[in-house]
Amino acid sequence: MSTTPHSSEILTLECDHIIDLASKGKRIDGRAPMDYRKIKIQTGIIEKANGSAQVDIGQTKVIVGVKIEAGTPFPDTPNEGVQTVNAEFTPLAHPTFELGPPQENSIELSRIVDRNLRESKAIDLTKLSIIPGKKVFVVFIDLNMLDHYGNLIDASTYAALSALLTSKLNKYEVKNDELVIKDDQQPLPMNDYPIPITFAKIGKTLMLDPNIQEENAMSTRLTVGIDNEDCVCAMQKGGLGGFEPSEIESAVETAIQKSKEIRKLIMEATR
Amino acid sequence: MYKLVKPDPSKNLINDKGLRSDGRRPDELRSIKLQVGVLDNADGSAYIEQGKNKIIAGVYGPREIHPKHLIISDRAAIRCRYRMAPFSTDERKHPAPSRREVEISKVIREALEPSVLSEYYPRTVIDIFIEALQCDGGTRCASIVAASLALADAGIPLKELVSSCSVGKVKGHVIVDLYDLEDKYGEADLPIALMPNHNLVTLIQMDGKLSKEEFDKAFNMALEGCRKIRNLQNDALKRKYKLESDTENSKDSKEEVK
Amino acid sequence: MSTTPHSSEILTLECDHIIDLASKGKRIDGRAPMDYRKIKIQTGIIEKANGSAQVDIGQTKVIVGVKIEAGTPFPDTPNEGVQTVNAEFTPLAHPTFELGPPQENSIELSRIVDRNLRESKAIDLTKLSIIPGKKVFVVFIDLNMLDHYGNLIDASTYAALSALLTSKLNKYEVKNDELVIKDDQQPLPMNDYPIPITFAKIGKTLMLDPNIQEENAMSTRLTVGIDNEDCVCAMQKGGLGGFEPSEIESAVETAIQKSKEIRKLIMEATR
Amino acid sequence: MYKLVKPDPSKNLINDKGLRSDGRRPDELRSIKLQVGVLDNADGSAYIEQGKNKIIAGVYGPREIHPKHLIISDRAAIRCRYRMAPFSTDERKHPAPSRREVEISKVIREALEPSVLSEYYPRTVIDIFIEALQCDGGTRCASIVAASLALADAGIPLKELVSSCSVGKVKGHVIVDLYDLEDKYGEADLPIALMPNHNLVTLIQMDGKLSKEEFDKAFNMALEGCRKIRNLQNDALKRKYKLESDTENSKDSKEEVK
Amino acid sequence: MSTTPHSSEILTLECDHIIDLASKGKRIDGRAPMDYRKIKIQTGIIEKANGSAQVDIGQTKVIVGVKIEAGTPFPDTPNEGVQTVNAEFTPLAHPTFELGPPQENSIELSRIVDRNLRESKAIDLTKLSIIPGKKVFVVFIDLNMLDHYGNLIDASTYAALSALLTSKLNKYEVKNDELVIKDDQQPLPMNDYPIPITFAKIGKTLMLDPNIQEENAMSTRLTVGIDNEDCVCAMQKGGLGGFEPSEIESAVETAIQKSKEIRKLIMEATR
Amino acid sequence: MYKLVKPDPSKNLINDKGLRSDGRRPDELRSIKLQVGVLDNADGSAYIEQGKNKIIAGVYGPREIHPKHLIISDRAAIRCRYRMAPFSTDERKHPAPSRREVEISKVIREALEPSVLSEYYPRTVIDIFIEALQCDGGTRCASIVAASLALADAGIPLKELVSSCSVGKVKGHVIVDLYDLEDKYGEADLPIALMPNHNLVTLIQMDGKLSKEEFDKAFNMALEGCRKIRNLQNDALKRKYKLESDTENSKDSKEEVK
């Protein structure tokens, strides 16, 4: 059951300060409203995975591993590979992250990442059929939060995309209905590089890439995913407040612009 | 699973005259039936039929909260569960809660929460339970419409009712209030929720592919849909109160007869 | 683990009143001991289900949907369809119903409904084999409590029976070991129409169809299921008290009579 | 699963002379072995062998109850778990509790609860744990027989012991105390529990098909079975106390020797 | 998550007494440090199981049942049977045993028993293939604690070994890829009879076969499994303390000697 | 699963010159990289690379403990979770905790607990979270090495750092610090943990088959390995403190400049 989250009362003073700064177009870490924190992308860090990446946005650290294994297709797409995303809010990443089965925040996160990739058709699933109707490749995208300092959605999606863009798939043959894996590898076929851009609404101001203090102070969150062709491919609002329609329209405009910058960063890091 | 291979249903979603497969115009909502106060145990309840969607929402609270660590000292906590009945979908849904239901429960809560004056009831909980008895596209929107009425029916103080409507793109056309087939075979789905008087969008999600121009067009069509549905919500609430006051009046008159 | 349920102390006064009334053969809602509340049966309300029904007994409301899908037979009945019953105590139906995995009350309820249908052979499972030993129809009977004002057992079973009696099954062919579903439909084959009759023992008096206040006041509950041929097909005692043997014998007698009335109601509503 | 197809075992459940496949007459109980006080940790315990049924029951309490919300202010709560060991059945049972075990735990608790003077120990809990080590039909009845003895062994004040016995119909014959094969291939199964001195039936369930006449006959045969088993329970309890007092006496005598 | 266990403060006095005794080479029940309590082995007690045994060590009672069923081999050992061990800390065995999914203590216990049997290759799994690569025998070894008075590891393993040594397997034929079970039986093929020997360190003294009071007083526990050839086949340290290296070396020496005695006991009881 | 049948990898685990398949000598450790203070949220953290093993450990505490019944009145409780990332192994690991991870969490806690002066913080909890990002044999040992550093980094008072190392037998040779292939195809695996200054073995487990002579040889090789790794731990800790004091100094100097 979804429940109103707690916001510690100790944080109220800091929140008030952040809201006050926001009303003047300022931020607690000195950034301009439309600035991201520094983005650092490392790939190929898990040799046993088909692909992997660690993305740091400021102090936020997310590591993503991609494993590709043979599996069964969905009945309604018998000739397509399967994409599956799982997010783990590991308890070392934040003092409030609890152990146990995935909670709504990690489920929402994994579903947003999944949606960005799926709706932009980022992975070319049509090329991942092995034995049509029977056997396809399943692409497991596992998100591991390592250090949570805000904006896990963007960090996770950038890491997932970077991991996919550097993923390798073993070549194979099908002999007598058995899959024979060969030694040489090819890149995972990709169609698109969707970039989500996340806004926080603090007071009446929209800001990009909220850090964790800003997330505590924000009333609402909006993520806009933009694909290669500058189309919107996914959106998600979160939080206890709302947006005026004009705020949403302008956020989409901003996201289209901002996504180009970040896509460039990722393409360079994964070349 | 054994399934009959059917011809591609996306072919006929929009015909030559620009009409949809169920005969609607692109900007036409499905027929909507709203009923407030349908359950006796729940403090408030409402029922919506929107096309084949059939959804019931019940509200309990403000009431005591367990476990204690969920208490919020300066406002009521709001809990929300959206559940699809196993028989609500084309293929039976397993009774265990799916990840999809967990996410929808969250976005519905966050769509309704801005409308609730929860600071009036600190340290309590308001529970919103939604049972989707039949699902045919746009159930999160229909759920919000019913749940907001159920909150009002429970006497929870609200800034205003929350309305909700989805838009999407099918065969290149922007259309409102998608039903299941349009949702499944369309190119985009954009559900939103709106507090019309406050001009506040409290839910927005998107799946698919929309250019900026298409997005703007679709978004405004959704806002318009919300406003229409909001009128229906107002009417439903009035019918309930009229009914109650009629009953009360007739009681009064009875008593006077004595 | 099964645990003694709580009875709120606030209810004690009301319970005492109900027990006092019972000693005079009276009931809190004015009924005679052997009266049911008004029974209302609606069918065909869920178009996507193979069958469905809502049964109201007084303020108690239960909705049941039947879905029929291809599945695997049990190893010991390889040529028979499968019947499966699941009950959900949805939290909107009563302030005390909690979320989470099915508790003992909903498990007991679903097993009583299952037992009534199974032991009377209500569904003709022998006609639900598709590919003998490999593929059969599974009849999923899902019980959804909507408003709990007492006697969920009878309301649920009547709704399940009504839903089954109005269930349609698509015709099909088996071609090359694949199931091809056709468009025309036939009724689900039924053998019997078992009717459970539920008694509450309040003080020393037996009453039919307890409402929720009477359930709080009763010491014990007895359900007697009667099939088409006036035979007992299922029984279940519940609650912290017991029955004298003679009470049980006379309850069976009453159930045989009462079941005829209610079966007639259901047969008319599902014609 | 790969299983050898066997000839229909229901054929020979009753032979020409009216005897059952294990040689019993229709109204004959299986041989029963009862032993009280078989465990050292549990506050009370008992073991029953009834044919191939082998069941052990242990009781803890009255003791403190956790979590606190389970406290009942004017009586002891009673908790009961019936569990089948994975090796207790023909095919291995998965260790996770089945829906069947959940229901049986409940009806056993409700069969025993009327006999317990739980008002003597308000705000505590009495825990009844039952391990079915081997199951061969009628285990809920055998469990009640053992658990009631375990309660007595724990010194829990009881109105009287609860006895239990099942009856059923096989090939048209009403028979008592069905074993597994009779249960599986028979036409009806009717387990009951009885407090004989109070003339109170505290468990009754039925599966199958019985006419009113058959029901009456079967029911009375079950009551008779309960009364017989109740005598065995009394004997088992006496043996235990005799043993203890003997041991005590011998201790006393030893001490006297000093 | 693994958590430091509670030790009741009421027990402290008794613990101090036991530690004090230990420093003099004495034990609370009068045994010498290297003595086991009386070991009693009964086999064949569960007729429906393929094998079974109850082992009592002093007041500790464990019952083990072995069930052998057809199943699927592991992908990396396609031609070998499968051994699986499950331990249930039944709540009647000790007032502190809680209900619910297996906790770390029962998981650890089952894994230690499994390891002793697996690493010594006690069961000859190579002889349990039915249809190579497709169907093998799965040997389910279910441990049921009945009364916990200390040293569950040794009692469980001795009971598991005794149950296996007396297990019977039905003969069978494979006809048209179907398994046909025959009536006559053969013993389960066994290679080895591993014997774990468990030490408690109390104060600075090592003792064998701790009873439950000694387990409460011990700082550390060491189990050494010895196979037929006097080789170490499994070890496990438990508890909040540690051992000096020399203590471990001498424990291994002791275990090799002691295991001979106990193996003899078991072989005689299962002959 | 579809898998390519590979030639038996155990063949070449030790070559004619007594070298291992990755070129190491029998008593040679893999290259080890240790880094202290790698996370910002955790109170203490450390990262280890040992061959292809990549493991991160984070420590929170001493902090308040929930639920309350876990409180220990005279010391801090220690909680430990060892988790393998789904992508850490050759075949993807299902995210749900396995029985193996439950056991390893326990033995790691019991390996570290003797080193913690937990009596300094009664009624609190110290949480140790270990994420194995890539697993290549000996991860429980590597986890202990990292977690002990993370405890130190969190400022938890320790008697000393705990070191850990595994030994094993492959093709009859006793070797130290097995990697995955050696672990899988070897004849024995013996992980131990050591507090070198206290001469205290705080973890020992064994799988496989070792004669008494082999055991003694292997055990001493493991102790030696622990001592070597302990030196690396000391160095890593010094680097961290040096770094901090350097930063501090430079801060100081900056302040002085003002």
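A, B, C, D, E and F are the chain letters, set down in written order, and residue numbers restart from 1 in every chain.
Operating definition for what follows: contacts are C-beta pairs under 8 Å (C-beta built on N, C-alpha and C of every residue); 3 or more make two chains touch, one makes a residue touch a chain.
This structure is a prediction, so every number in the text was calculated from the model and none was measured.
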Using the touch definition from the top, how many steps at minimum link chain B to chain D? 2
Per the definition at the top, count C-beta pairs in contact and tell me whether E-F or D-E has more. E-F
Over half of the residue-numbered contact pairs in common: that is the test. Which of D-E, E-F or C-D passes it against A-F? D-E
Indicate the whole-number Å distance between the mean C-alpha point of chain A and the mean C-alpha point of chain B. 28
Chain D-chain F separation of Cα centroids, rounded to whole Å: 52
Rounded to the nearest Å, the gap between Cα centres of chain B and chain C is 31
On a C-alpha centroid basis, what's the spacing between chain C and chain E, in Å? 47
What positions in chain D touch 2 or more of the other chains? 1, 3, 81
Could you say which residues in chain A touch two or more other chains, in rising order? 1, 99
Category of the chain touch graph - line, ring, star, complete, other: ring
Ordered ring members, chain D first, chain E second: D, E, F, A, B, C
Seen from chain A, its contact residues with chain B in the complex are 1-4, 6, 9, 75, 102, 104, 107-108, 110-111, 115, 119-120, 222, 225, 227, 229-245, 248-249, 252-253, 256
Given the complex with chain F, which residues does chain A contribute to the contact? 45-49, 52, 59, 61, 63, 65-67, 69-70, 86, 88, 90-95, 99, 135, 140, 142, 144, 146-149, 178-181
Going by the contact rule set out above, which residues of chain F touch chain E in the complex? 1, 3, 70, 72-81, 99-100, 102-103, 105-110, 113-114, 118, 190, 195, 198-212, 215-216, 219-220, 223
Mind listing the chain F positions that touch chain A in their complex? 1-4, 39-42, 45, 52, 54, 56-58, 60, 63, 81, 83, 85-92, 95, 127, 129, 131, 133-136
